[in-house]
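Next, two complexes with chain A in common: one pairs it with chain B, the other with chain C.
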Partner chain A sequence: MKTVTLTLAKSPELYIEGQNITPDQFAGKKAAEIASLDVWEGKLKGPLGNYFTVEGDGGATAGETKIVLRGDCTRVKRIGQQMTAGEIVVEGNADMYIGGWMKGGKIHVKGNVDSFCGIGMEGGELIIDGDAGHHLGSSPRGEWRGMQGGLIRVAGNAGNDTATFINGGTIIIGGDADIHISTHGEGGTVIVKGDAKGRVGGQMVKGNIYVYGTIENPLPGFKLVGEVEQEVDGETARFAHHIGDLGERHPVSKGKTVYANLYTRI
Partner chain B sequence: MNELIVKNGFVFDPLQGIKGDRMDIGIKDGKFVETSALGNPKVIDAAGKTVMAGGVDIHSHVVGPKVNVGRLFRPEDKLFKSPLKRGNRMEMGFSVPSTFKTGYDYARMGYVFVNEAAMPPLHSPHVHEEIRDTPIIDNAAMPVFGNNWFTLEYLKNNEIENNAAYTAWLLRATRGFAIKVVNPGGTEAWGWGLNCESIHDPVPYFDITPAKIVTGLIETNEHLGLPHSVHLHCNNLGNPGNYTDTLDSLKLAEGYTAKNNFGREQVLHITHIQFDSYGGDSWRTFESKAEEIMDYVNAHDNITVDIGQVTLDETTTMTADGPFEHSLRGLNNLKWANTDVELETAAGVVPYVYSPNIRVCTIQWAVGLELALFAKDPMRTFISTDHPNAGPFFRYPRVIKWLMSREARDTTMKTFKWLERTIDATSIDGIDRELTLYEIAQMTRAGPAKALGISNTYGGLVPGMDANVAIYALNPEDMPSDPEMIEKAFSQCAYLIKDGVVAVQNGEVVAEPAKRTVWVDVKVPDNAQVQRDIYEHFLRHYSVGVENYKLFDEHVHNPRAIEVDATQ
Partner chain C sequence: MVKKIENVGCPFCGVCCDDLVVTVSDDGKKILEVENACVIGSTVFHRAMSERHTLPRLRQPDGTYKEISYDEAIDYAARVLHNAKKPLIYGFGSTNCEGMAAAAKVAEKAGAVIDNCASICHGSSFLAIFDNGYPSCTLGEVKNRADVIVYWGANPAHAHPRHMSRYSIFPRGFFTGKGHTGRKIVVIDPRHTDTAQMADIHLQVKQGHDYDLFNAFRTVARGHDIPAEVAGVKREDIIEVVDIMKKARFGTIFYGMGLCHSDGRNHNVDIAISLTRDLNDFTKWTIMAMRGHYNITGPGVVWSWQYGFPYCLDLTKRDIAHMNPGETSSVDLAMREEVDAFFNVGTDAAAHFPIEPVKRLRKHPWITVDPHPNMATEISDLHIPVGIVGVEVPGIVYRMDNVPVQYRNVIDPPEGVPSDEELFERIYERLCELEAEDAAKAPAKAVPEGIRAGE
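And then the complex of A and B:
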């Protein structure tokens, strides 16, 4: 594994569109070539080196390339977008679309991120030590094929519209989540270790949601069917088991109707 | 003097019966001329290449409100698919491309005329605003009549002359081109939560049958002598077993002959007939009835059809057939847009994925190709994808490849998950026919131009006509062994000359000659009754005033009015 260190030298006036900051783009390139990759600030295209000092060369492949971002990346978007392998560490905050459409590899953000992170994710790991904004692990706008796989772990809170149209993969939120979780979901798992505000599992067809705290405004489309003991994220606990969304269509498998499951901790 | 000569190409012009002769084509001031009339022309070397008239699309949904709904509610149709600024303007979208991408992509394929398939009259200003923004290609747009309250009332009472006067008024009010009919009566019934599934199902309240709507509109059309015929999207479209309803619709044309001064011979054009050629009594027993349909079409020369070929893409369906879109939504559970257009029509939009892994989709693919391959008269059977309903228009080169190459069909069929069942349910595997370049020219320019009644201007290379020429890098004496090269040649034409200006070279747009709006201006005798009916309906029922409803001249971009005198 070779490490490329990007240090933000000049903070942008607008926001940087950083979709080229990926192990896939950096692989096989020398530091100077990496510095000449395009980024956009608003409508203006310029080299990465205008904003960042670049130290170290990329590995031979994406899988052998690690990127470390230093400095305040609060105004840098799309880091790790569509990456397939390798590793990215953001030492502080980052902006929107971090790990969007990610297929593999790992991103670790030590601060907070803004909205649309892990959007359309197919695989890999996205670890956020701070808070995440809205549309975490959601489907892109208009798209009915949402998160397919991978893991998103946020230590802090998440905004609204987490996991819209989720089809697979796991999202773990250490803190609280705002309204709309797994809307239109057809698979996958969302775990909220704090409280959820409301509209949890609206129009959900299949998949699982766990809420450890309270749901301030639960939906009437979910029905309590019993209690279960389950191991979730490495710890065993008892949950009230609800099925829903009863207002939505549901597939039938082996003669039995398949519902989405909502588990609330007791 | 702007003079060009296209030298030494292999020329295919079905309007003149020219079948690949090596000829020179002269162009002067935007029109074709005899080469002897040229002084010192600029030379375009077409040696070893195929030369045809600019392409003519008889049926495509490219402008207007439902197209824009498709654009608005499918942002994912643009995601990661809009990276390039190739022409003068940004190009966006896949199945519902932006206006600019639409114009450029048609031009890259060598097309110059596209007939917008359905214009809701109330929203005609929007249609014309988007025509203005669609570069290079000339456009016409067909207002929909088959569920219009005026039309239903006049035809119920057998008032053909009144219906003709109203039709002429609406063509002028909307700067429309022809009489489009979508699911006659069924779309009005949809306002009541119902449908007309056969041509004998009466329309609620109006109590007229689809059969009577269609024959009444054929009589209206021939009474006026319009350039194009009635252009029909059949009842019960898209459903297993509908081919009998389609045959019923086709038989409505029996006994009618075309009356017009535009060289048109058909009285009924059935559009995207692929969606109407199904047997079986459920999706499980779904099968092709293309042969039965084409047997009828082949034997009746007062009918033309376009195929509506499924291209096996992810696309966006959009039609004024409101109940059909509702049933489609029930099949695929995807998002659905639905609207009513007061007194006139309705529309729905649903995304659709035609997958090679789904048996019904691969049978539909076979049905479309069978229709074209069973056609005895390529001057009456046209290539279309009902863009974007069965696939995007920029797949025409792929459709041409399938029609010209058995090998290309076999290669695609090998990707089918249900190949055996597709073969069992269709005749496609037993068809060896490969269409010639001449037949392709018939199906993509000469035939559609004749059926639209515009073959004095478009679709051929005759002196006096608009100088629209498409040159393709295909040598008819040395056709490529790899069918992919056919698709490539028709996707990126070597040259498109539009009105005597080189617009595309080597598949890239190099100039944007002025585009036109083509519409039909019909003179009819004064009709006080119809004027009063229009006044009354706008007073009592429409939400807009009649003076705001009619298009202003400044709405209509670079108009070319086709004059029709129906006062005699």
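And then the complex of A and C:
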């Protein structure tokens, strides 16, 4: 594994769009070549080296390339977008679309991220030590096939619209989540270890949601059907089991209607 | 002899009444009388006679405005667009489609973000429609067929004064010969509005809990039980309304800002669309957004045709149009300080945006294009007056049900005052000149190419 260290030397006036900051783009490139990759600030396209100092060369393949971002990347978007392998570590905060449409590899952000992180994710791991904004692991606008796979783990809180149209994969939120979790969900698992504000599983067809804390405004379309003991994220606990959204369509499999499951911890 | 002009369209609200009769003086310069319009509609015509500027005004170092020529104003505007890294062009609530298309051409040339008032209005409807479709109809179908009308989070009695008399509650149509006596009206609103006053049933939903109530409607429609009270509404009342909806011959849900601007926004509309679809298992139901301004549907139609997206278009990459409200929406761009120049066109962002984004936009050049002085012109660096569409400038507008209507002018604009379309075409030409000058100076630093140009 070879490491490329990017240090933000000059903050942008607006925001940097860094869709080229991925192991896939850096692989097989020397530091100088990496510095000449394009980034955008508004309508201006310029080399990455205008904003970052680049140390180290990329590995032979994406899988052998690790990128470390230093400096305040609060105004850098799209880090690790569409990456397929390798590793990215962001030492502080980052902006939007971190790990968007990600297919593999691992991203670790030690600070907070803004909205639309992990949208359209298909695989890999996105770890955020701080808070995440809105639309975490959600589907892009108008796309009815949302997150397909992979793992998103946020230590802090998440904004609204987590996992809209989720189809697969797992999202674990250590803190609280704002309204709308797994809206239109057709699969996948969302675990909220804190409280959820409301609209949990609205228009949901299939999939699982776990809420450890309270749901401030539960939806009328979910019905309590019993209690279960389950192992979730490495620990076993008892949950109240609800099915829903009873207002939504549901497929029938082997003569039985398949519902989405909402588990609240007891 | 005064002249009576018939079948004039009203350039105010999304109802787009096209039955106005306007009387103009014999020299064709003054509007004397406006018949058939509601109060707000006729004000648009009468106001054309007052508070007009006939030259652009540029802010001076001492804070006052000084009149300049249109050529100077166009040069100033083009330079602002040319020099900014990410200019934002916003507005278009009140202009014609021709002006919108010309402005989009400028935005593409300048590498700008172009957005319309839907961004702070029915934009959430677009997001819901992207996600869930739009089982809608025309207002003519409502008038001729609908026997159950639901107004959800909308108050047409004030916002669209002739909506109820022309299309929904009162008119006698082909299959609705009994007019309002043959129709059931349901209003769902946290307030007892003047529209609720006309309703057979008013459900007073708890503010911000429309999604929960829709969820209850859907759950009941599918034959499941619900709690005794949802979102402040009793179970029996929900069951009664769902029953009325299922038994309708033809129903329409008209919804407004109550859904688009309470918590959840697009999902409130999203689930309303799901309910409409569910009801089509039993009978015919349709849904329609109560679009505010007479041609605010226009930019959505025009820009979708030009770029594939109705609003919040980021054209900074020139050959790729990117749209993602939350990032590319005007208020978010302003709050995140992501733009460095602002064009306010045919609207009043200073009055409509929250104060914080206005302050942040004001750190950069601010240009307002509008026939009249408004709050935005008072804080702008440059105000460019244009002709009033529907009064002085003809053009195509889209009614709230996406039906295009050809508007006409009843008088001419003050001498020398261009239309929005003419103004933006001239800014476009000046932008091309500036680009050519730049290219001649430093060929290497030509206009940035599109992202795929090198491939």
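The working rule: the second predicted complex is superposed on the first by the 266 of 266 C-alpha atoms of A that agree within 3 Å, B and C clash if a C-alpha of one lies under 4 Å from a C-alpha of the other, contacts with A are read in each partner's own complex, and residues count from 1 in each chain.
The definition used in the following text is that a contact is a pair of C-beta atoms (placed from the backbone, for glycine too) under 8 Å apart; a residue touches a chain by one contact, two chains touch by 3 or more.
For clarity, every value in this text was computed on a predicted model and none was experimentally measured.
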Next on the checklist: After the overlay on chain A, what do you see for chain B versus chain C, clash or fit?
Outcome noted: clash
Next on the checklist: Taking the superposition on A as described, I'd like to know which of chain B and chain C A:115 touches: first, second, both or neither.
Outcome noted: second
Next on the checklist: In the overlaid three-chain picture, which partner chain does A:144 touch, first (chain B) or second (chain C), both, or neither?
Outcome noted: both
Item to check | First, second, both or neither for A:45, with chain B first and chain C second | outcome: second
Item to check | First, second, both or neither for A:226, with chain B first and chain C second | outcome: neither
Checklist entry - Does chain C touch more residues of chain A than chain B does, or is it the other way round? => result C
Checklist entry - Given the touch rule stated above, what does A:179 touch, chain B (first), chain C (second), both, or neither? => result second
Checklist entry - Which of 24-32, 132-140 or 222-230 in chain C clashes with chain B after superposition? => result 132-140
Next on the checklist: Identify the residues of chain A that lie in both the chain B contact region and the chain C contact region.
Outcome noted: 140-142, 144
Checklist outcome for this item: Listed in rising order, chain A residues that touch chain B in their complex are 140-144, 249
Item to check | In the complex with chain A, residue positions of chain B that touch it | outcome: 73-77, 79, 333-335, 351
Checklist entry - Which chain C residues qualify as touching chain A in the complex? => result 84-86, 110-112, 127, 130-131, 209, 211-212, 215-219, 221-222, 224-227, 230, 263-264, 267, 270-271, 274, 278, 316-318, 323-327, 336-340, 448-449, 451
Checklist entry - Tell me, which parts of chain A touch chain C in their complex? => result 13-15, 38, 40-45, 96, 115-116, 134-135, 140-142, 144, 160-161, 165, 179-180, 183-184, 198-199, 202-203, 217, 219-221, 223, 245-248
